[in-house]
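Two complexes are shown next, each including chain A; its partner changes from chain B in the first to chain C in the second.
Coming up: the complex of A and B.
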């Protein structure tokens, strides 16, 4: 009886096989669960609300003689707008037009001033005085050299060639730029000749060991340099700082230091007046023993000075990424969604419907990753694009100083946060596939990604362990949020607690991506091997 | 566009072991187009495992399962080849029925129009926008069938679609399955209750402990179970028994005025009784119910199970 019926032929043309229908299907799945869509909106809201809370909860006031105003001490800013330290002793004279200065440096010594003040860090178990052995040591970044500076105004543009305590000859300009010359310490038997020439806005630094054979250290352009500038010798010595971070806290000590430099064979070519005057640039809170001075005997100058010519570092509270604390809350909401996006299908048996509709399982995983990653990126981008400018504005209006960043860095912080959320969700999706349980997967992501970050930046762990955690775990990806760079020419605590990651932004992000890729690869293998 | 090869489902020599349990033990059968094939066996016989293997969801240690001559994983847009319902409860509860079908449709390059078509076919058009979590089991079965129909496939495979249905729903599914078969589709329907398949299936694949017990048409099975017996209704029981026994038949009394006769055709019985003037009101061939036939088959399977259990115990 069945033989009379022709086998059925379907009439709907199936079309080409491809990846696009899978992505379309997974997107339809995501958007048709109202709880998930609400979760995304909640994540955006959390990111923004926590930025507002952070901004509103942080006030800076300055009180003088009982009169208070909003706003802290306005830091000196360099030509790039970044806060800088511009404190040194300057023996100078005006230079009109082109010219050069040549000196020989025969010594650079230094000492730590006693009772220079001890500052303890947050969570510290108390400060301690500098170790006695270090008292007469010259600071590694103590500087003595020649400089051409726009004016004696702190923060004005400059270029300088110098010898340092233990980093050899350097040429630096405008606070953030530094290049190395010959290494080695300076002494009477091994002096250094330094020369800096100015021609328009071009400054060139040279060094020599004998005053005959000169080696170029570098050339810089200082745009907008006035025709008359200040030229001369300078000495600076950054404060001694020691900080140790251990389990549950840290302790540190800080003291003023002063360095002494001896210059001879000083000659200035070009339109210089010829009389030297000495100025302590940016005296501020310097104690009297740290204020610099100079003595001239013939063409030999003995100059002492404290301070540093460098960008301000090691302060996390003034960074724009501070406005992104809500990204963690957003991340947790999103990884819950990502875990449910796959593990929920296992729980309900829906995975069989999915895999029966699309037998190429690795493609299903890829489509899910693309959908959840894109959703998380959009959520992060929207949240961060509102949170950063809004939080920054509130912080500023409450008198807080915020490090200015270039628009490119700002874009990296915002888009990078979105990317970290996206890759974190892919990691959660992969773990959800491997573990087939949403709660286990979410817990795993929190443990490997969120927890290491929180433990590292909150001074719970010793700095060394914190740095290794932020190199090795998926939490390394948060490095992409670091807006202020670490400067090798400034000795500071470049530790997670101060907002510095051990890896550069993109390398840290690559570590996170590597984890997500490895988890996704394992997930794909297991998804193909296991019975659904 | 359609793959050449044997239409329907071809299952050959499936073996699969879960730990110490041999779930499938050399199972072979075919599901042909144009009829509804019932897939019967006690719980745990391997019906669902077989269906998962056919859909490429579970791997096998040995054997093959082909759809229209092709292995499932090699199918592109497989819902155009096989529509299936494995578990009516496999739904995201907060997604509406219509959206559930919509993502499935999108995965096969189908549009929303097809979704509305199948919703109407299973009678869910008015409930389509409600959360699937609020559906009764009967509505979920209908939704699962709608999903199986989405790609308008030549092969349809449903695992226990009668579960949780009210009598009206069972009648509806029977008619629906027969109409699908009448369109030339191959339809495989599993059940652990033979009575559900009564009047629905025309062919039966009976399995027990992962092995084929019977692969037969319903008509053959019933006639085999009926065993050529004839029902006789008469007020003169003892006379009839004497006459028929004399003619070589085996006669059993089954009621005050009912006898079951073996060894004679109905025509010969009528002739013998008329010759001897024994009154009778009805002579009809005995027709076993599907349930009876199935009980007979699975009794063997149960005995076989008991025997192997004894062996294992020894």
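Coming up: the complex of A and C.
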């Protein structure tokens, strides 16, 4: 007969082992170090201060005959308030109420006007004329087609269906919207029929290869369109531009171009069919050879025109994210705090107490990441929310034109900057855990986040390498600050030096997050495996 | 003084991290220079090939800054500084010996890195792109780059003596180096850009690497290096005052 002995049981109930007390403990560690709180305030101040400096160091002046005034040329603005190019040759007549226009386009030609070599950009090593072989080439985005436009006033709302130099049939409206129809070039043997109908505020574009079977290209709504609008044919040809960015600089050439379109079988339904008149919309600085004209022979129209109907693609000087250069200063300060937040524990041996109190090590790391990330987000949000409106105000009062952005984009730029700082701090925390040395961790994060940006925007590297750096390194996250979109229907230099990141804002941010997540995972594994 | 120097040299020599940092300041410098030189396209003759072949210094200076910060920040972190100051009560002598040994190590590492960059660039540059290793301007750019890195190390040392914390010191040094170029890109007034380029430690200091279009520079090569030397001297004076006036 054997007696069984009851196993020993620990009588005291275990203490709370939740995540919340852990976060609270880490928050207490952070908030009670006076230098770190001062560091947070300094980060906010630096973000704001650099915005003020940027604004104060940027003026735009216009000088006429030695008399200067603050402010540049006022650009034409489209229905959305954004600056636009609205320059084309328009053969038009009024259309009252509902109606449609149908044409057949049989050719689209183009030529580069001689003597147009213009130095393109700052830091360029001189402009030159375009290569002789390129002369008489039709521009890829040369346009010929039918358009319904509020008025002949530049910037007024419109919808158009057109054939283009090398992008097939397109339907575009109000400068920023573009949708593709059938691809392929137009010729006498392969003409394109185009039709645009208006009914109230709805405009529908159609295309056809034979004038019998029609395919819808798209439908757009233009709110606030008057009952009487201008309808007709248009031709435009954007300037020829070539720019190559070499190491340490770049060079480019630019020239006016003119395109010619041949239209026949022109018919307008609805309203009173009047006579056609031709207008050069927004002549501006066009040289006389580039001013458009039209000839009518029976129902065949030959129209020539230069210019473009498109949004203005800006460079970095007119964007709101320019006021956020202080984000880099704030980032460096916060990275130092994040590095010390973990490396300081190793230095003083506090890490052994921390891990004894909370043996589940990955959760300690998560709590630290949550605390430092939240602090960085708050600092970044406060700094950016002050810096952007303040910097914008100073820039405007110094005569600079700032591209308007929607409130949603503005929110994305400000909150996104805060998020980049937060994720950068998590990356620094993870590297600090892996390396256990704050100096090396801080330097590593600054080198991977700030240096690629400097090398890319300051024209040290050629555009191709710069774009790959901003795709692969954590510096890709700064794409979230880009407020002006790249338009696929405008050929331009969408390079980092002009403020365009190779990745879209959220994809770029995801690259940064992926780096931080990978580093955090490695840090968690090493923290569990290694002795503290 | 000789014994103090010997003591500092022993500290540097026996710290494995220092050896790694020296290696880490040479390898990325040469690698980045070679990569950029390989990407340089032939043609466009007015580009500064020498400066491009030394672009790795932009990256290597970060490691040199760590080196400068670590030699004193480590002592404050471990409390070793109190032993050091007990052994050598003349505090400025401590600063001087540390600066001397650090400069010696950095000059050797930087010479290897700069010569390696130029040789690597000479090997990978496409044919038809001239890079003369014996031309006077190239020698000036190379020697100046070595001096540049030594001054960066001294700047870091001075800042680290002043703030007595490696992480804060490296933050201050990297901000001084990297924030000016970003601000220069952001402002649009030519005057502001020129003045900022004249006072920024990195932009002014690296003017020593230019070999073409010297007239168009915001600051001449040697005065640019002088600006960086002034920054380093100011940091060392500040560090020295802190060391003398405060408890360790």
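Observations on the model:
In this text, the second predicted complex is superposed on the first by the 513 of 532 C-alpha atoms of A that agree within 3 Å, B and C clash if a C-alpha of one lies under 4 Å from a C-alpha of the other, contacts with A are read in each partner's own complex, and residues count from 1 in each chain.
One rule holds for everything that comes next: a contact is a pair of C-beta atoms (placed from the backbone, for glycine too) under 8 Å apart; a residue touches a chain by one contact, two chains touch by 3 or more.
The structure displayed is predicted, hence computed values, not measured ones.
Contacts of A:350 after superposition on the shared chain: chain B is touched, whereas chain C is not.
By the touch criterion defined above, A:396 reaches neither chain B nor chain C.
Of the two partner chains placed by the overlay, only chain B lies in contact with A:532; chain C stays clear of it.
Judged by the touch definition given at the top, the superposed model places A:21 against chain B, while chain C stays out of reach.
Judged by the touch definition given at the top, the superposed model places A:29 against chain B, while chain C stays out of reach. Looking at the shared chain after the overlay, A:359 reaches chain B, while chain C stays out of its contact range. By the touch criterion stated above, A:447 is placed in contact with chain C alone, chain B being left untouched. Of the two partner chains placed by superposition, only chain C is touched by A:329; chain B is not.
Shared interface residues of chain A (contacting chain B in one complex, chain C in the other): 35. Chain A meets chain B in the complex at residues 1-17, 21-22, 24-26, 28-29, 32-35, 344-345, 348-350, 352-360, 531-532.
Of all the residues in chain A, the ones that touch chain C in their complex are 35, 50, 53-54, 57-60, 125, 246-249, 251, 316-317, 322, 325, 328-329, 332-333, 335-336, 339-340, 343, 347, 400, 437-440, 442-443, 446-447, 450-451, 453-455, 457-458, 460-462, 464-465. On chain B, the positions that touch chain A within their shared complex are 1-2, 7-8, 32-35, 52, 55-59, 72-80, 84, 86-87, 89-96, 99-100, 102-104, 106-110, 114, 147, 151-154, 181-186, 202. Chain C makes touch with chain A in their complex at residues 17, 36, 39-41, 44, 46-48, 51-52, 55, 58-59, 62-63, 65-66, 69-70, 73, 77, 165-171, 174-175, 178-179, 181-189, 192-193, 196.
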